[in-house]
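Going by the order they are written in, the chains are A, B, C and D; count residues from 1 in each one.
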C-alpha cells in the first residue's frame, strides 16, 4: 500500500511569524524537554512505584506539550487523554489496588551499580542513534498551518490509507481485553 | 494392472494409518484393517512383480511436476535394483499382523505408515522425494519403539533417532549439493536421480559430499563402525519393529548406496571402494564374533543381522556385476531368513516370557514344526546351498575375490563365523533338555504355520531355482557396468594381488 | 530544531532501557517500557513534522493503542503474579532458570 | 562327445523326496499318535533302492558307449546366470561318478535296511530315516553334479546331514557339541572350497563352469592361480575327509547312531574329498607341488590316526581313527597322481568299513549301547555271524591278501614307490603294520578271551536277520571287491583303472615286475608283523593297560583337541566377549557416547547463562545491541 499517496503541500510561508516566536518555541521546547527528562529520571530512580508513576505522568504531559510544538494537535490531545489520563490512571489504580507497603518492595541494594552499568552499556546505543540523527537534514520546527495534524486530516489519512491496520488494532485491543479478564478475573480457584 | 499402482501402494497404507490414528478404533479393528491393507499391498506387489518386464530401465513410471521452479518432481519407478527391496517391503508385512495379535491400535497404525513410507522411499526416483520418505520412514519406528518397546526403550529410541537424523541431514546437504551442481553444469534445475549420473563430479567437494551420502546410508545399513545404535535398538524395539528395521529398512540403506552413490559418485567410489569394502568385511567379522557372546536371543540376532549387512554392503562396494547382483539377491534372502528369525524369537518370547538363551532348551522335541521352520530360516541365514542365502552370499564372495583377493578371503569367513553362533544358539534353545520354561511350549498354531509357510517355501525355492528371480535383476545390474562408467571399470577391475584374475572388459 | 526533538527521544529511550535493566520493581520496569514507547512516539511525530506527512501521526496512534493493550494485559499479569507470590520483585519469577 | 539323458536328476531326487515325505510325516505325527515303524522303514528304503536301480541303468548306458565318450549329462535348468557367470543345475555321469554312484547307493541301501533293525524302538525313528535319505540324496548330488558349484550343494548337504545325525540324540549336550564341531570344522573346509571355486572361475570359468569345459580350458590357467585353486580345494577336502588339521571332528562324530557312522563317516561322506581331488585330476595333474602336499598330508594323517587308533577304548573311535587313517592312504594315492588307485581304495574301503561299523553296531546293539572294548570279550561264541563278518572286515582293513583292502592299499603303495615317493611309501608300510595291529587288537579284545562284564555278556545275542543279512552281503563284498582291479602281477588287468580312465587325467606308472613283487612282499610282511604283535599282546585275553609316557600322550590323542580348544575356541569366545564387553562400549561406541557427553557438557556450561531473571535476559539483549551498534557506528563516520 502506498503510504505516500499524495503530495501534501500544506506548508505556509511562515517567515512572518518572526524570530521571537521561534525563540519562544525553543524556550518552550527546552522547558518541556528538561521536565520530561527529569520526570523520566524520577521514574527510574524512585523506589516506590507510585512515586515513579507520578513522575512518569509529568514526563507524559511534557511530551504532550512537545507534540503540540510539533503541530500534532490530535496526538497532543490523545497523549493527554489516553496516556496521561487513561493508561496512567489504570496503572496507579492497580498500584493502589495492590496496596503495596514499603516492605513488599524488592530490596535493591545493588541498584546503583546496575544503574551505572546500564548507563555504560546504553551509551553506544545512544551515541549510534545520535550519529544517525546527525545525518538527517535539520529543519526548523515552526508551527505548521491548519491543514496539518488536526483530527480531520489525520482521520482522513487513517480511514483512507490505514484502514486495514486500523481494524487490526481494533482486534488487537479486543484480545487483551479478553486476556485480561481471563488472567486476572479468577478468584484463586486454582490454588 | 492400472496406472498408479505405485502411488496406491505408497499412500493406501499411510492414509489408512493416519485415519486409524485419528479414529477411536479398537485394537481388533486396527489389526484387521492393517491386515487387509497389507494383504492388498501384497496382491498389488505380486501383480507388479508379474508384470515387471525386466527391461533394465525404470518401469511403472509415474511423473508429476511438483516444484517445477526447482525441477523437483513426484517421480516413481521400479527397476531391477529396487524391485526386490520393494517386494520385501510389500510381501512380508502381513505376517506381522497375523503373528502379533494383541498389540495396541497405534502399533498397527504406525506399522502401516512405516510400510507406506518405505515403499515410497524405495520407489522414489527423485532425490527430494526420496529424502522426504526416508525421513517419514523413521517416525513410525520412533513411536513404535518409544511407546511399545522393552524396558530400556527410551535411550535406545533416542539413540537410533538422533543417529539416523544426523545421517539424514548429511544426506540432505549432499542432495542439495547435487541439485546445485546440476544447475551449475547444465543450467537447469533437476533432482531426478537419473539425471545425476550425467554429472561430472570431481575434487575435494565431491569427495566431501560422497562421504555425506555414504555416512547417511552407512548409519542406516548399518556399516561398521556406525552400527552402535543397532544392538540396543533391535533388542528393545517390539519384535515387529525389529523385523521392519532389519528386514526392510536396513536394505533401503543398501539400496540407497546402489541408487545414489554407485552411478553418481563413480569416481569417488572407485577411489574409496577398498576402504568401504574393508569396513563391510570388518563389520561382518566384528559383529559376527560379538554375536557369540550374547545371552539374549534377540541381541544375538541383532548382531547377526549387522554381520550379514556388512556382507551385503560389501557386495555393493565391489563394483562388479556378480557382487552387485548377489547383494540385491541377498537383500531378499536376508529379509526372509533373519527377518523371519526375529519373528520366531518374538514367538518364543511370547510363549516362554524369556529371551535368554540360558533359560531355554529342548524346544525341538516339544515343537517339531516350529523347530523345522526355525532351522530352515537359520540355515538360510548361514548360507547353506539349497537355501536362498547361499546364492547371494556366493555371488558376493565371487565378486569380492575379483575385486580384491584379501577382501574376498576375509569375506568368505562369514561361512564360518555365522555358523558358530547360530549353531550354538540352536543347540541351547532347541536341543538339549527341556526345562520348566519350555516344557509346555506349544507348537505353531495352524494360522501361524500357514503364515510362515510361504516364506519358508520361498527360502527353499529361491535357493534351488533362483534363475527366474535373478533374471529380473541382471538386466539392470548389467547396465550399471555397461561401459558408461569406464573410470570405474578401469580403477577397480585391476586386482593388484592376482592380475590373472582380471577379466578384461570389452 | 528538529534534531533536538530526536535527541530528546534518544535520551528518553536510553533512560527507559536503563530503567528496565536496573530496576527490579515490576511496575517500574513496566513504566520504563512505556517510557521507551513514548520515546518512539516522539520520534515518530518528529519525523512526521520533518516530512510534513501525517503517516507518523497515524503510527503514533497505533503505538498508543498497542501501549493501551499492553498495559491492560501486563497489569493483569502483574495482578496474577502478585496473587501467586505476593511479591513485586522480578527476580522472584525465575522459572526459566536452567 | 557327451550324451544327454533325462533320468540322472532323478537319482538324487528319489532319496530327497523320501526325506521330505518322511520328514513331514514325522514332524506332523511325532507329538500325536506315531505311525508304525514299518511305514517309515519301507518308505525310507524305496528311495535308495530306486536310485540304485537307476545307477545300474547308468552303468549299463555307459558300458554301451565307446570308452572315450562315456559321458552322460542332464541339464535340468539354468541355476545361476549373472553376467559371465553361468551355471546350470546339471548332472554328469562319467565312469568315475558311476563307480561312486553304484557303491554309494548299494551300501546306502544296505545301511538303510540294517537301520530298520538297529533303530527299532527309538522315539525319533522317522526323523532318523528322513536324515538318512537326505544324506544319501546330498551325497548323490555331490557325486553327480556336473560342476564344482553343484557339487558344493551336495558337499554342504552332507555336512548338514552329518551335523543333524551326530546331534541326533540331542538331549545330551555332548552329542550336540560334537555335531556343532563337525559342522563348523566342515565349514572351515568349505571356505577353502568356495574360495577355490571363485579363483577357478575368475581364472578360466568364463568358458563354462562345468567339469568338461573346465578340463578343456585347464591349460589356460595361470600357474599361480592353479596352485592356489588346488590348495584351496584341498583345504575343503581336509575338512570333509578328516585330514590334518581338520580331522578332529570325525572321532567325535561317533556320537551319532552307529549306522550313521557307517554311512557317513566311513563309506561315503568322508570319501567326498578324495572324489573331489580325483574329479579335479585335470588340475592336480598339472600342479606337482599341490600333489606332494596332498600326499604328505595324507600319509601323515594316516600315521597320526593309526597311532591314536592303537590306544582307544571305544570300539567306534578305533574304527573312526582307522577311517581317518585309511583316508590318509587315499589322499596319499591321489596325491602321487595315482587317482584310480585312490578311488579304488575308496571303493573297497566302503565295503569293509561299512561292514566293520555295522558289525560294531551289532555288538553295541547286543550289549545295550556299551561301546567300551574293555567291557567286552569272548563274544565269539555268542555272536558267530557278527564275529565271522567282522573278522573278514578286519582282514580286509588290515590288508591281508586276498581280501579287498590288500589290493587297493597295495596299489597305492606301489604307485607311491613307482613315482619315486619313497618316504611316503615307507610311512605307508609302517602304517600298514600299525593298521593290522590295532584292527586285531580290537578283534581279539572284543571276541576272544574271557567275558569282562559278565552281566552284559549274558544278555548278548545275535541281532535279528534284518541286521545280519546286510553284514553278510558286505562281507562278501569285502572279500571280493579287490578282484575288480587286479594288477598285472596277479594276472589282472586293472579293470577299475581302465574303467575310470576317461574321467581321470593320470599316467599309470610302470616298473619292473621285481619292484611290484618287492612292494607286495613288503605289504604282506607289514601285515604279518602287525597281526603277530596283536596276537602276542591281546590274543589270549588282556586287561586294560595303564598308560604312561608316550602311550599316555597318544591315548589322549596328543592333546590336539585340548590344543584346538585353547588356541582357537577359547580365544574366539574370549574375543567375542571382549568385543561385547569392552570394545563395543569403549571403542566403537565411544565417539557416539563422546558426542552426546560433549553435548551435555556444553548444555551444562551454557545453563549458567540461563539465569531465569527477566532482567538478565534484557541485559543480554541490550549488551548485544550495544555491541552491534559499536560495530555499526564505525561505518557511519
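The definition used in the following text is that a contact is a pair of C-beta atoms (placed from the backbone, for glycine too) under 8 Å apart; a residue touches a chain by one contact, two chains touch by 3 or more.
Predicted model, so just to flag it, every value in this text is computed and none were measured.
Between A-D and B-D, more C-beta contact pairs are found at B-D.
One simple way to say how far apart two chains are is to compare their mean CA positions; for chain A and chain D this gives 101 Å. A separation of 36 Å divides the Cα centre of chain B from that of chain D. Mean C-alpha position of chain C lies 94 Å from that of chain D.
As a whole-number value, the distance joining the C-alpha centres of chain A and chain B reads 68 Å. Counting partners per residue, chain A has 118, 121-122, 125, 129 as the residues that reach two or more other chains. Listed for chain B are no residues, as none touches two or more other chains. Residue positions of chain C touching 2 or more other chains, listed in rising order: 17, 21, 24, 90-91. In this structure, the chains touch in the following pairs: A-C, A-D, B-D, C-D. Across the interface of their complex, chain A is touched by residues 619, 622-623, 625-627, 629-630, 632-633, 636-637 of chain D. Residues of chain A that touch chain C in their complex: 3-4, 8, 10-11, 29, 33, 36-37, 40-41, 43-44, 46-47, 49, 52-53, 56, 59-60, 63, 66-67, 70-72, 74-75, 78-79, 82-83, 86-87, 90-91, 94-95, 97-98, 100, 104-106, 108, 111, 114-115, 117-119, 121-122, 125-126, 129-130, 133-134, 136-141, 144, 148-149, 153-154, 157-158, 161-162, 165-166, 169, 172-173, 175-177, 179-181, 183-184, 186, 188. Interface of chain D with chain C (complex): residues 606-615, 618-619, 622.
Those residues of chain C whose C-beta lies close enough to touch chain D in the complex are 17, 20-21, 24, 29, 90-91, 93-98.
The touching residues of chain B, when paired with chain D in their complex, are 159, 163, 224-225, 227-229, 231, 286, 289-294, 320-322, 325-326, 362, 364-366, 368-369, 372, 379, 384-386, 390-391, 394-395, 397-398, 401-402, 408-409, 412-413, 415-416, 419-421, 423-424, 427, 430-433, 443, 464-467, 470-471, 474, 477-478, 498, 500-503.
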